[in-house]
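Each in structure tokens, the structures are laid out below.
Heads up, the next two complexes both have subunit A, just with different partners, subunit B and then subunit C.
Our next item is the complex of A and B:
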């Protein structure tokens, strides 16, 4: 249908629209008009993606000069594919309505692993291996060598692309990963490089967060995206963690040992080269004197090694004299690695600032800050010069070089923590050096500065005011939308006590209490007896999950549970977990029913949807606080308190509640869906926790359901499930939660939507 | 946990029922009209549901009723227990079923301990079924049910029934889980291939596999709200379902046994028909006794039966009496639902019962054909019991039209 959103003609590819989708469009348009950033929360299953796409595409068509490009960032490959499907639907609708081909080019980009069509390389399973092998076939020096000697293998697809692909732009249309591969096959061009090349002139680009947030990759992939673009971060409730992860480095003993090996390889290669081809090393030396600026020109395929910081200032300068020659640099690297090794030989935990680290490295092994900053770039240059084509083995050394560059570049917002052993096993020596980013705004700052509009959206962003603080930006629009429903299809409940009136809580003091564990078990058994098909349970940590399951086993609760449903457990092993998931789905499909025990913050809680019968109930055992004894977390909390005036407890609660909300949201994937949400912890009913739940859950959390015992909870479940099982058709929704064009245009509804927009 | 469930549920343990919220005062601050309205609407709704006129109905039905007898049937959310409540309602159902579908047959299965048991075989004798149901009351409910096993067993019973009859399974399913030996999807496919319609009534909550079975085989799936609703749901299965297009129409050979000797209707004229004989219905049981002259003789082989309708044990002929057929006849021509009208000023009384319309009565109902106005109660009576419009029947013109 064609909508009028505040004066903008929007083509919406469906016959019906949810009222909140319309409100969402209104707010989004305001943000685009203001050229500012915005933060929008809308429940999952209300068609966020299609709403975003249809409004932004309409805006791009109406104001082609103000808005040139949409960059849509999603988390996983399946999510990217979903976005492409919605986009295709939208474009088909445009074509049908306008009766002509649309001049819009949209494409998805993913790693080489997902796009490679080379017959043998594409068979590799690991992303790193594919990258490495691709590099060994397409690096500039390999191709140069091939020109001299035909026996050197190269990738015919890349050659095809290099010869012709750049002159012929991709015809307009929507390309998902498979389409790109197919197009590549027919033209015999490499789809990966084709996609990367096309990014610069495509109208819509869909890819993963990392291409924009991780400076190591962003520099290569997303450098040329113009300022007049809109950037969308979907499912962005964890965006601060992604930012932090992309800037953090973890160095273990094993990694350092591998580094030593790589250094030896470097040494022998250098000495070999010296004997055979010393000119090349000289050439490199000269180039380094001139500076690195032109080193990056025409080297798009050499991306595996890049500077982790935005290197504009570094490129201006010449590489310091101490590391210009290859031997000196290798010796320098050796010293760095040895130094870190000595640092790891500690008996107690060390925490220091980057400045302290630099001072120490200076006094102990006489390494200055400046050469350290160039480590990453210098290593990249060396590897190019040495023409080492197998990069996979060098990744540990690359990590160390990143660390060296980062630690000497940023003095604020980072910390170094050296732990000699894990907390769980204090007798086993396992030293680890964490170089941890404390400030999530560092990685995302360039994004906010560069693009005119950044949209951060997710199903669970509450409390909204926390995100601007921790990401350090000023949104022009900050809104949370609720879900209009024709029937109350979520049932959130806070269960605070067992039938014996013992309070249930995962509080540290009561966590080992058998009465609490037994009550949790009884709750699960009774809910399993009353709820059909699939039930998903979330625990606060793997450790807690394991202790609880073992005591349930002793208490006979597992036996009782298995009378009603099959039991599956998420473990830290990804293969095991996916096997468990497959069988869980099977058990739900054939009517046996199943319970999945999993962990908040785990794989299940983030990426997997339990729609309809797969998740009729979600149980949250305890509040999923992050492990508060972790030193990295402590350092971050301290930093947040000093820099952003966020109280430690506020941040912890915020973090716990957003994960809880994520877990709860798993069971609700659309308006025809329904699900029970049980929050089994006394502390959830406190105002500071309750108020941090997303608005759409809070709305259905009645005061009467905030302090229930197991028995009461089960009674309410039973009654509610019977009501939900009654026939429910589209006609029941029409006019309330689902609107036709006429209904949307009716004055009454417009008034309601206006009210809602103002009310928030 | 099981122990806790067996203790009686107290009133204070169930949630609050805000009965007062459903009632709203009218403009004068009175409740009366409102209550009347609520009642009327509920009645009307039920009637309207039945009045969806299907074109072709399967009049000859073969139905297996599967009763869940697993551990969860001991729960007391239906009084006295789910199992007893269901059995009691089934007795009513069996009675109504044979009343409305006299030439149909019915069988009963139970499922428990992952197995399925046959209680009665497909037969047209309602007494036998009701007796079996009464005996079932002492059955202990235990273990898990198996949908697949019971469906397979019912399917084996139904597979060989003639193609012109409608084959159905009705499952009363209390459990939320099913414990099956194999892939239930194969069973569903087989059911579909055999044109068997599976309807399921859930006693607790929506189970997806049940919905899927019902949807794929063309049946219905409903979940009860309370025991009244359950009764409604079970009784809604009494109405013969519309026939799926694939069933061929065919002629069925039937026997119409003669009545008592005093009635000489020409079908049975030899004196041998009235000689004392053993009734074949009860020939196996110990209670069988020599029957007097009263009874029904099969016109084909002469076997004696004490009850109709029945399938002749000797020659397999279906024996019915004319009234039986007439009773199922109205399913074929359901009367059209009456139009609801606000009170019409020029009629003061109901055409059917001659009751005067009073102020409180908000709506009256008009027949499409004869334009006579009846009251709500008569509307329901006509629809549920009479199956013919008194207005049309008494008007010579429309009555003529209908017979032609």
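Our next item is the complex of A and C:
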């Protein structure tokens, strides 16, 4: 249908629209008009993706000068594919309505692993190996060598792309990963490089977070995206953690040993080259003396080594004299690695600021800050000069060089923690150096500064005001939308006590209490008896899950449970978990019914949907707080408190509740779906926890359902399930939670939508 | 799996003897402590590996896994004591970088025994030439070091301050909560008011308190000075921008515009002729004309003549009563009533 959103003609590819989708468009349009950033929360299953795409495409069509590009960031490959499907639907609709080819080019980008069509390289399983092998076939010097000697293998697809692909732009249309591969096969062009080349002039780009947030990758891939773009981060509730991970470095003893090996390789290569071909080293040396930036850096295939964020004025400067010649630099690297090795030889945990580390490295091995800052850049240059084609071995050394560069560049917002052993195994020596980023705003700041509009959206972003604080930006729009429903199809309940009136809680003090564990077990058994099909349970940690299951086994609860449903458990092993998932789905599909025990923050809680019969009930056993004794977390909490005035407890609760909301949201994937949400912990009913749940859940959480016992909970479930089991057709929804164009345009509905927009 | 440190002489490993300590000397070869005691009982001897003469006093505990690095660091420390020029001592960055590379080459040569004679000569030459600068720089910290020290101190200060602050704040909060609860119970026990209204007012009061709390927590931290100039020049977050911004220019209040009015002189006598007319009226006939040097400064005879005339004519009409009245009139004409009083 064609909509009029605040004066903008929007083509919406469906015949019906949800009212919240329309309000979402209104808010989004306002943000685009204001050229500011926005934060939008809308429940999952209400068609966020379509809404976003149709509005932004319409906006691009209406204001081609103000908005040139849409960059859509998602988390996983399946999610990227889903977005591409929606986009294709939208484009088809445009074509049908306008009756001609649309001049819009949309494409998905993923790693080489997902896009490679080289017959042998594409067989590799690991992403790193594919990258390394691709580099060894396409690097500029390999190709130069090939020109001299035909025996040197190269990639024919890259050659094809290089020879012809750059002149012929990709014809307009929508390309997902498979389409790109197919197009590459027919033309004999490399799809990966084709996609990367096309990014600069495509209208819509869909790729993973890392291409924008990880400074090492963003530098190469997303450098040329213009300012007048809109960037969308979908499923962004964990965006702060992604930012932090992209700037953090972890160094283990094994990694350092590998570094020593690669340094030896470097040494021998240098001495060989000195004997045979000293000209190249001299050339590099001269360039470094002149302080010229590497000219070859622009060559797109030599991307494997890129330095982390450095201010541009440093990049312009010449490399300091101490590390100018290759031998000196290798000796320098050796000292750095040896120094870090001595630091790892500790008996107790050490926490240090970057400034302290710099001072110590200066006194111990006489390394100044400035050469340290150039380490990553210099290493990249050296590897390029030495023409080392197998990069996979060098990744540990690259990691250390990144660490050196980061530690000497940023003195604020980072901390160094050296742990001699893991907390769980204090007798096994396993020293690890964590260089941990504490400030999630550092990595995302360039994105906010560079693009005119950044949209952060997810099904669960509550409490909204936390995100601007921890990401340090000023949104122009910050809105949470609820779901309009024709029937109360979610039933959130807080169960705080068992039938014996013993309070249920995963508090540390009561964790081992058999009464609590038994009450949790009874709750699950009774719910399993009352609820049809699939039930998903979430525990706070793997450890907790294991202890509870083992004591349930002793108490005979597992036997009772298996009388009603089959039981599956998520483990830390990915393959095992996916097998359990497949069988769980099978059991639900054939009507046997099943229970899946899994862990909040685990693989199941993020990204796997249990729609309809796959998840009729979600049980949350306890509040999923993070492991608060972790030193990295402690350091981060302290930093948040000092820099952003966020109190420790506030952040911990915020973090726990966003994960709880994620888990609960698993069972609701649309308006025809229905599901029970049981929060089994006394503490959930406190105001500070309850108020942090997303609005669309809070709305349905009545005061009477906030302090239930097991028996009451089951009673309510039974009544509600009977109600939900009644036939429910589209006609029931129409006019309330589903609108036709006429209904949308009716004055009454417009008024309602206006009210809703203002009410939040 | 891990290859343990081994003494090359007696083959003891760290695994078999956890107390074993490896030592290194100037040549960069390791020996365990007991071997050192055994071989160097006389105070000096030859290295068992490279046969170079060593003193026992020079043995130190091996710090790094690779003894060669220990050796290099030793040499480096020695050399850098002499070669301690700073960037400030050079006119351009390029020259400084060249100097750095030269130092690095010297160290590299010493470590790998390349051309020892030439290198030592170079060092001696340098020592002679740069005695003054070396001496001066020894007592001076480089800018970078100073920055680091400053930063560390700031961190320390901030940490202790913060720790105290938050502990106090938390204690205070707890106390307040406790007090509020006790007050509520007291009121419920002893007052005659409706229990519901008491509870309601209590809830209101705690809500108001909770609102205040975050503000109170926010205040103290603003007192800590943030040094944003140091870290790479990239300011972290938006906070940096506020500290740099200019204060807005204070806005002027809306006053009426200034307008010039010519001053009125009261001579109390006949008006003197205007300065331009003096020449025409032939006043200059009786006074000395200004010479060239006087005219150069802009002086003319008209000035002194005019001054003299003003002085001569001024005050001729003076009479005590009259001046009193005019003075009053001139100063404040607004105070009419006092004026009337005096005339009457």
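Here are a few things to note about the model shown:
Basically, the second predicted complex is superposed on the first by the 752 of 760 C-alpha atoms of A that agree within 3 Å, B and C clash if a C-alpha of one lies under 4 Å from a C-alpha of the other, contacts with A are read in each partner's own complex, and residues count from 1 in each chain.
Just so it is clear, a residue touches a chain if its C-beta (ideal position, glycine included) is under 8 Å from a C-beta of that chain, and two chains touch if they have at least 3 such contacts.
Only a predicted model underlies this, so the values are computations on that prediction, with no experimental measurement involved.
Bringing the complexes onto one copy of subunit A puts subunit B beside subunit C with no clash.
With both structures placed on the common chain, the touch criterion links A:560 to subunit B but leaves subunit C unconnected. In the superposed pair of complexes, A:439 makes contact with subunit C only, with no contact to subunit B. When the two complexes are overlaid on their common chain A, residue A:127 makes contact with neither subunit B nor subunit C.
After overlaying the two complexes on the shared chain, residue contacts for A:716 are found with subunit B alone; subunit C is out of touch.
For the three-chain arrangement built by superposition, the Cα-centre angle with subunit A at its corner and subunit B and subunit C at its ends equals 150°, in steps of 10. Subunit A is touched at more residues by one of its partners, and among subunit B and subunit C that partner is C. By the touch criterion defined above, A:78 lies against neither subunit B nor subunit C after alignment on the C-alpha atoms of chain A.
Of the two partner chains, subunit B is the only one touched by A:522; subunit C is not.
Taking all C-alpha atoms of subunit B against all those of subunit C in the superposed arrangement, the shortest distance found is 26 Å. Within the complex, the subunit C residues that touch subunit A are 63-66, 69, 72-73, 76-77, 80, 93-94, 96-105, 108, 111, 144-145, 148-149, 151-152, 155, 158, 162, 166, 214, 217-218, 221, 228, 230-234, 236-239.
Subunit A makes touch with subunit C in their complex at residues 289, 291, 309-311, 313-314, 317-322, 324-325, 327-328, 331, 334-335, 338-339, 341-342, 353, 355-356, 358-359, 362, 364-366, 368-370, 409-413, 439, 441-442, 445, 472-474, 641-643, 645, 647. Those residues of subunit A lying in contact with subunit B across their complex are 499, 522, 525-526, 529-533, 560, 563-565, 588-593, 612-613, 616, 704, 711-712, 715-716, 718-719, 721-727. Across the complex, subunit A is touched by residues 1, 4-5, 13-16, 71-72, 77, 144, 147, 176-180, 183-185, 202, 204-210, 222-225 of subunit B.
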